[in-house]
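Structure, as structure tokens:
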Amino acid sequence: MKDLECSVIKNQKVANNTYLLALRCDGHIGEYMPGQFVMIKISSNTHPFLRRPFGILGYSDGLLYVLYKVKGQGTYMLSNKHPGDKLWVLGPLGKGFSLPECNEEPFYVAGGTGLPPIFSLAQHLKKGHIMIGAKSLDDLALVEQIRNIPNTKASFTTEDGSFGFKGLVTDVLKKCVSRGRGHVLTFDILEHDIQLNQMTEKECQMLRHDPLIIYACGPYDMLRQTYIIAKRCRARCQVSLEEHMACGFGVCQGCTVETRSGNMRVCKDGPIFDAADIIWR
Amino acid sequence: MKDLECSVIKNQKVANNTYLLALRCDGHIGEYMPGQFVMIKISSNTHPFLRRPFGILGYSDGLLYVLYKVKGQGTYMLSNKHPGDKLWVLGPLGKGFSLPECNEEPFYVAGGTGLPPIFSLAQHLKKGHIMIGAKSLDDLALVEQIRNIPNTKASFTTEDGSFGFKGLVTDVLKKCVSRGRGHVLTFDILEHDIQLNQMTEKECQMLRHDPLIIYACGPYDMLRQTYIIAKRCRARCQVSLEEHMACGFGVCQGCTVETRSGNMRVCKDGPIFDAADIIWR
Amino acid sequence: MEIAVDTTIKLIQGLELKNPVMNASGTFAYGEECSEIFDLSIMGGIITKGLSLLPNKGNPPPRIVETPCGLINAIGLENIGVDAFLKDKLQFLMQFKTPIIVNFFGSYEEEYVECARRLSIEGVAALEMNVSCPNIKSGGIQFGTDPHTLYALVRKVRDVTTKPLIVKLSPLAGDIAEMAFSAQDAGADAITCINTIPAMAIDEETWRPTLGNITGGLSGPAIKPIALRTVWEASHKVDIPVIGCGGISSSADVIQFMLAGASAVEIGSFSLREPFCFPDIINGLTQYMGRHSIDTIQDVIGRLKL
Amino acid sequence: MEIAVDTTIKLIQGLELKNPVMNASGTFAYGEECSEIFDLSIMGGIITKGLSLLPNKGNPPPRIVETPCGLINAIGLENIGVDAFLKDKLQFLMQFKTPIIVNFFGSYEEEYVECARRLSIEGVAALEMNVSCPNIKSGGIQFGTDPHTLYALVRKVRDVTTKPLIVKLSPLAGDIAEMAFSAQDAGADAITCINTIPAMAIDEETWRPTLGNITGGLSGPAIKPIALRTVWEASHKVDIPVIGCGGISSSADVIQFMLAGASAVEIGSFSLREPFCFPDIINGLTQYMGRHSIDTIQDVIGRLKL
């Protein structure tokens, strides 16, 4: 864990209320695992007081990428930063995803601001099926970059049907893992979801027999739903949790969640957890 | 009194720790009298919480000029503003200088950050003798602009003698108003103080006989000293006081000073006071 | 667009506010300065600077120091005194069609009583008793930290006035609910939570206190979370209305205080920074009500969901 | 450049700190995480998370909410319990050559007493008794707001331990000096001022409290002016040392607290934002001493000029 002064290189709107931030770090942040995150200090004076947690979208050659949505005061102030402005980055923090074992086929499910760790992991593993959900086409960021991750399939879902499947991203997941899902899929496919369209019935049926690992990041309800589906098809399931954080490095107990092995700190023991360990609300 | 959103046009270092700020006001600040001031809100979030008071250096065509010295957090943050950044300006506030009566000859005395109202007044009256004091040449701002005020004389004093007279600005004042001061002056003159050099003994003696009005702005001790000198030569004396302010428009009683007519608010009843009214500490 | 929502608050029998937003005492003087910059008739109520029986010169300077997201003041209750107020200021304030609430204090019980007696005249809509000022040597805050002392004092004042009587509490009380209860018991018609919190600032370069009076009272957004908690605690204990005060700086804050149990609010420090905040915040309230389909603001009071 | 100044503080007989800077309880866990990022031997002292007799799961989430220049926490004193601490954590902490101060609390008197008894073993340099936590239902803060209850409690704990005993007070006390005096009277060796201040946050969109526990404790720069005032008041009343705590975020702040009367300080919230602040602030102190020609930092304590 380091605390690096960083310069904003780019801070660009890439979707509705969503920005892609590129930071040049003064120093090397070190190795990171997909799923880890950083705490960004937005102001050098004491308001806003706390740093803000953001997943690492990517890091290479001293350039750190973060994808964030403007939610409240902190992210709003962040969106007003210009190239050359300074930010302070504490990281990498937490534990990353545990990688697929043996021949586990990865499925990725991301909703809302859950994209960064999922993107980072798919980019790292370079295989599997990425399912991205959003409210509407306007909320979808990095569509091309997701499609361009080598050797992966990508499906998009929007609640209003403005792009990809209409519905929830977990609906797509459900279909992909259910018996005869190849059949259902071809029935449900929308014209412009090219990748999924190319999935033959044979491929889909193969998935069902192969051991699966499902990675998910997004709203709590989406995670729980993903876990229910994973359980049904006996897939391993890893989820990235969010909790309000003060420190981000394990000392304040501010981000505790209950698990089957007792209280765990999202920031230090997570943010990635085995879904089966979590005591779901 | 208005509250105007302003854009930084220029924020330029013009002396040691001293900046010249030019603001384009979104709206007309209205008529102002030299000696009045503005309260500048430096941040749109609540830290720093209070606005900061600054004298009006000049205002024309929607452009407001402020000259400020970096002292603490507020002025430090101000010095980091770039062209295009927003600031909020409440003003004009307080009472301005009362103008010379009949044939009163104006003397102006400014020390430290006391220049703005004095500059503004001399520019307005276009007559008299301006005496500026600073620690060192590096601390002197706007020397050329002061010299260029039409129809006025300007003397500069530095404590370390790096420019103009060596000593305190009140030493110069003392000499200018004292009997035979013409004589003393020529004796004391430094080569590069051109304006004062041009003052003949005759001119100096004339001053002594003419009624004088002395305007002063700067550190408290300088003001008190100025008042003592003014009293000795029976000159009217107006001083600009500073006090910590919360509101700047008269509602909090935060800036009260004791005067012979009771408590007065520096922000509303001042900042300009007749030196004779003040109960000096 | 005018939104047809009902912002009136029936605060106390005989004291109705056209909306829940008032100024706090001491940051509005006697209204004259603010009347030059906006129409005071929009205010839910106007609260005067705290008055004592005789004029008071207050504390030596500096009286103000800024702190993180707040300020400490040590004005020391400088004021013109009850009689000068009645003679020179009340008439002026009465022209605005909004209740005038007079804030007052004393250094000893009899001063409180005499102030209340003299202030109980036409034009004064209610009295706000300050038992919680940290800025005066004798009197003030010690009345506001012991429930028995408070009860006795409020009782005596209650006996001499039929005006609606509001008691303004200090957050220093170990148990603010108990203090509120004492005040109610003694006959108060409403409670204000809270006054400033005793605080201090030091200059590490000169080794001197920054304030002329050494200590003062902290206010502003920094104390908002504390004020909100006191409103929550007090309003659960008493049946009389609670007025929220402390760090309010937006219509969102006003709603938060009302959800916690406040029937009305007072805005102090923020209006020193933003003199035009009253119209903004009052407008913000009607907009909020429109957005949330709230017809009468009275329905927000104490409606926190647990 | 090494500046030859003496930063040691003889806090209590048998408890000497190499400098006045410690962490506050609850923002440093049991030291492990911070030991990975800097050398804990630089600390003036290390204070553990507050321990209870049995492990404690704490409050439901969210436990943290940011406020203007501060935060409210409602951790609810989650901790591993006294026995697990002694078994799993103490040994680790003892490797750093600095005093280990164990913070503890109870829900009833006997729990305080039993904690103190068990914690009175080698390796523990001192005990800090938390009588002021706003985050637990029973116990905690009510011990810290009434001088008689406090006296009785401290007395009982004093009887079972010869370790230096520090009592950590709540700012809610109407008169903090009186509370400090009670603690001293009952045998405390030092006082810590202050714990967090009870506070609350509400989401005006959902109409719900932001914290799972509804209320929590406010800390950070927002409360610094209040903490400083309590140190000033308490240190004038008692003869035992006062430890300052609340919103400290720089070496300048440390000096201010010491001028007000603190013999040492604790830094909490700021170190959540700036995990590397301890080395920075300790270095800043020696630099300050050099700049002001102060040979021994002990000479700064209580030297405010009036």
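We just call them A, B, C and D in the order they show up, numbering each chain from 1.
In the analysis below, contacts are C-beta pairs under 8 Å (C-beta built on N, C-alpha and C of every residue); 3 or more make two chains touch, one makes a residue touch a chain.
Note that the structure is a prediction, hence the values are computed from the model and not measured.
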| item | value |
| --- | --- |
| Chains touching both subunit B and subunit D | A, C |
| Chain pair bearing the highest count of C-beta contacts | C-D |
| For subunit A paired with subunit C, centre-to-centre distance based on mean C-alpha positions, whole Å | 48 |
| Mean-CA-position distance for subunit D and subunit A (Å) | 38 |
| Mean-CA-position distance for subunit B and subunit A (Å) | 59 |
| Multi-chain contact residues (two or more partners), subunit C | 67-70, 220-221 |
| Per-residue overlap in subunit B, given as positions that touch at least 2 other chains | 46-48 |
| Arrangement of touching chains [line / ring / star / complete / other] | complete |
| Complex contacts: residues of subunit B adjacent to subunit C | 1, 3, 41, 46-51, 74, 90, 243-247, 249-258, 263, 268 |
| Residue ranges of subunit A in contact with subunit B within the complex | 45-48, 73, 77 |
| List of subunit C residues in touch with subunit D within their complex | 67-70, 72, 145-146, 172-175, 197-202, 204, 206-209, 214-215, 218, 220-226, 228-229, 232, 247, 252-253, 255-256, 259-260, 288, 303-306 |
| Residue numbers on subunit D that touch subunit A, as the complex places them | 26-29, 33-34, 36-37, 49, 57-58, 61-71, 73, 75, 78, 220-221, 249, 269-276 |
| Complex contact set, residues of subunit C against subunit A | 68-69 |
